[in-house]
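The chains carry the letters A, B and C, assigned in the order they are written, with residues numbered from 1 in each.
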């Protein structure tokens, strides 16, 4: 499977953020987006996910038969956690597992909880979690259902060192299994990326 | 289908645990009930005449005022975006939200309406028509409310805009709802025909409202 | 006073007091109900239904009393930051709302034979209805705001604003009522209070008050426990 971005232009608030951006990403490859704030890292991720239409250019998927949109093949984890404090940790994961069409919800939840060792917190209300724990729970979505494309916007923010290592291991494992990874970060992520695009160049 | 039900179940659970759904709407309903005689006078005969209309108007306002609960919380915590990345089309997301809203707001109010009608000295022969008409009508009201909610999601000054947008759409529901409730006394057969029209309106909303809401939500997220 | 401010001490002390309080409540109700249902005479106009008065009037008293308690506790909480004041205010609300609801329902039942309808908007019932709304609004604040300290502060201000408004509301409703001459002059107290009616009324009033204190103590203890559990859970989760 390949993800192809062809001459993408991005406008936000009437301002041209970047233009004529192209790349190709194949199975098992990782793309790192770097650059200053406002250079369009987040915007590009959102465009890939389908949370917005590019001002110019197209995205396409090569090598897959079904009709799914890119966003429906992706896990998108950005700054907001999409957690409900009135639900327990487990209930939050159960909902997303069901919503993303997991065939085995229980197994998905088990994997999700196991990613950052949140098993012992399963029955507690999500409202009791610290910010770091909530962040980990949000990232646990990645393990609920297998999706080939991971779109991660500054995933290590709010994580302690041990969790960062666990996240890096998960990202590497994802790519090893043939998944695609596109991530933005200000700090390092502990993962070796196939390609890097510095969004600050080219405006 | 499982995803559809999972979304409704989640919304129902949240409504029960966080409260604020039925309770607030009911409280608002009661508050308006008090204002009516204070403004119009306690003459029971007069109150009885205006009771059906007053109850319907209060129902409209209660459903409308709770509309911001439909999409705003999910938009705030980022869930709404993820909904658009799911396997279920946004139309079904909007429909699921409308149904959950109806179950937690419109339907309970419709059921409580006859009891609240007592405060306005509602003629007891109208209890059953009121229940039937409001049960149906409230479904249409919740569906239409999702359109308003989809428009104002993320708007900083949403408040009254929702009312301005949706109240005109509520007019047919109000007219046929009141006719179904009280018209029987004026014209026999009005109950049946009005109820059928109300059903038609509800069915039309069932199709149109999710489509409109989904389109609006997509526009919001792009 | 400060000695009882400590929730743990309060919990221990209230635990000792509670059984006696409950017993006193039961006793008062036994005496009151006997006097009300058996010994008090029928009303020449209303017959047996006048006995509802013994349930209705004390309930209306308690509606006001409880709201005053909330206002007082709120003021103490705002000014002196007494740790249990906010809890006391929060816990009194559902009880007060229940008394108010009871007053409304019994008022309706009492009036039905005379009015021919289940509800009229006379001055008294209307004021009590508005008071009921004040209770609902107050309880809604506690539910709407998640953070307990902020909820307490906001609720306290809301309670005091409501309390100040109660006489104003009562005055305006009475004035409104005098504008619209009601068809039948209804006196919910019945005719001038006769000793035979006064004694049961006062005893029932005492019984209701004791009931409130009992329920209030139980509610405060529950709330203290609930908060303790949350602290423990928070420690378990966040370490």
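Definition applied: contacts are C-beta pairs under 8 Å (C-beta built on N, C-alpha and C of every residue); 3 or more make two chains touch, one makes a residue touch a chain.
Note that this is a predicted model, so its numbers are computed, not measured.
Undergrad: Between A-C and A-B, which chain pair is linked by more C-beta pairs in contact?
TA: A-B
Undergrad: Taking each chain's centre as the average of its Cα atoms, which is closest to the average over all protein Cα atoms shown?
TA: B
Undergrad: Report the chain whose CA-based centre is farthest from the CA-based centre of chain C.
TA: Looking at centroid distances, A is the chain farthest away.
Undergrad: Take the average of all CA coordinates in chain B, do the same for chain C, and state the distance between these two points in whole angstrom.
TA: Measuring from centre to centre gives 33 Å for this pair.
Undergrad: Between chain A and chain C, what's the gap in Å when you average each chain's C-alpha atoms?
TA: 54
Undergrad: Based only on mean CA positions, could you tell me how far chain A sits from chain B in angstrom?
TA: Centres of chain A and chain B (C-alpha means) sit 37 Å apart.
Undergrad: Mind pulling the chain B residues that touch 2 or more other chains?
TA: 18
Undergrad: Under the definition above, what is the set of chain A residues touching chain B in their complex?
TA: Contact set of chain A toward chain B: 49-53, 68, 71-72, 74, 76, 78-84, 86-87, 91, 95-96, 98-101.
Undergrad: Which residues of chain B touch chain A once you look at their complex with the stated criterion?
TA: 2-3, 6-7, 10, 13-14, 17-18, 76-79, 81-88, 221-222
Undergrad: Please name which positions on chain A make contact with chain C in the complex.
TA: 85, 121, 124-125, 127-130, 133
Undergrad: Where on chain C does chain A make contact in their complex?
TA: These residues of chain C touch chain A: 146, 230, 233-234, 236-238.
Undergrad: Quick check: in the complex, which residue numbers of chain C touch chain B?
TA: Contacts found on chain C: 117-122, 126, 129-130, 132-133, 136-137, 140, 143-144, 173, 176-177, 179-180, 182.
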